[in-house]
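After the structure tokens below, expect a handful of questions from me.
In order of appearance the chains are A, B and C, and numbering begins at 1 in each one.
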């Protein structure tokens, strides 16, 4: 299975071009869109979101992961094998949190280059063909060489809002497994208490809960937490009791 | 075939996780996104939209239908077989209009539970695996038991705007088959006459027509009806002559 | 392979219905969404965007191309074979730029009609079944007859903004292969110089570059060019030195 995690936009002209390449090179491998609206220009937030999502993906899958404001610049393409899952993308930190949290990890530089490499769309021209090769078990063609990540954010949590979903819930970079339920989150001087589910709090009230990918998430029952609390991606999230 | 009808957001992190589960459990069954921007927090509108869409779906299909503001609360999961089509989702009314309009209907409670059931994402953890089972003809594993729907909205039309599409056309809950073409729709004191197609009225003029899923829809030729008329989901729609 | 290029909206109720028909009629043919947010009501811009995208598609593919403000009116359905690629859609100019740039072209009227043809959704009722037939090599059932396009925009570039992507980059209808790199683009009295990639200019600075589908595109490094420059689809783009 090939998963796609990008900031190419779910409604834009880019994802289809990537899928056409994958279909051509690996016609029997199913392709699943994990997210195409990863935080733009924000590789750190994207890295933490990807790490949380990836922990639940099937092993023996390949994730094409591209948030790449430096495309065409000097960052190198990498392939990372973390606990059995492949990640293919730019060496700019995006894959590094998932990698740092894995028990078994191998990092490879990618020596293969396509005949035509556009300046701005390595997702289509380079990362998609390499993902197709790896998904079919071919480690030869992409010319992998053992390497190390040039940019790494480490395994630790990120005390920030890393994603706002379409319900305007605020996903944080804090793993809920490390937070006692009596913890309160602090955002812009406001204290947010824990609740198990939406229906446990009155309509309109803000609370935090362990979301479905294991992160602490701030929501408001039947309301839009982001607008209500005036928060967006990158805003700091503190922890108190 | 498995159809998805949800309010998970077409661009968000949720649909991909559902599809990963479906792919894992029913790798040979095609999955088609019917809609992931069903009216939020509005189960009644969603139920009427689903009923209109579902009437045109292939029999022998499974529709995972989730608009579930009460997830984690007390509503039960159900599987409904209506005129040969399966619907899987929460027993909160969402499936009830499609069910009430069917000639042959069977309602089942779902006894199966996954090893891990998140508090907020039963679409991924419960409804997706059950949909995969039913799509493969397996009625044993989901532990179905004959039951009745706890929440039902009945088969009648809904005299409201139930959906606004990206053209800003206003879909109503009125089936056009029951409306003579000389009928006028009344919205906010304004009378809207019938036209067969967009190109039959002058640019900018509002009209109603039978849309492609059999509902009365209010549009404006080359214009945005919702903004032009100041209407949104839930607004009342009257019928006059 | 079947590609979809429409203005049906990536998040709306229409694409799923098209895919259900394709799945029913051509279950083994992969379907890829190229774009569902083609410029609305702007067939000229769409025609130039489609031509640029299509030049990179696999030969022996079928593209269902629908931007059709005149649906239900008098324009005819056509199938065009251009350099080995099929295009199926309304004869309103949308396919005409791709056709005019092809070396080998055949144009056919479509004689086949479905049992039920809605007034507003020929994409689902007519173009999808015909695309499925052609994708499976069946030229008999659609009742093709040699014809000529009634509406043609010709092969020349379009000196306008034809698309704004979700990064707010401005795609023009000018093919970059015809523009010396020292050329400057002129938009609203402002001169825009060339750069190879985003990372070659300071943050916030506007530039033009050859984008990944061969068109001149105006962008701003880590900024939103459309908002920054006050431009939108249809605005004129001049070329100077």
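The criterion applied here is as follows: a residue touches a chain if its C-beta (ideal position, glycine included) is under 8 Å from a C-beta of that chain, and two chains touch if they have at least 3 such contacts.
Here the structure is a predicted model, which is why all the values come from computation and not from measurement.
K.L.:
What angle of turn lays chain A on top of chain B when you fit their CA atoms, given in steps of 5 degrees?
P.N.:
A turn of 120 degrees brings the C-alpha atoms of chain A onto chain B.
K.L.:
Is the contact between chain B and chain C built from the same residue numbers on each copy (over half shared) or from different ones (under half shared)?
P.N.:
different
K.L.:
How many Å are there between the centre of chain B and the centre of chain C, using C-alpha atoms for each centre?
P.N.:
About 30 Å separates the centre of chain B from that of chain C.
K.L.:
Find every residue in chain C that makes contact with two or more other chains and list them.
P.N.:
In chain C, 9-11 touch at least two other chains.
K.L.:
Touching residues of chain C toward chain B in the complex: what are they?
P.N.:
Touch list, chain C to chain B: 9-17, 19-20, 23-24, 27, 40-41, 69-73, 118-121, 124-125.
K.L.:
Report the residues of chain B in contact with chain C in the complex, numbered from low to high.
P.N.:
Answer in residue numbers: 1, 3, 9-11, 30, 32-37, 49, 53, 56-58, 163, 165-167, 196-200, 209-213, 222.
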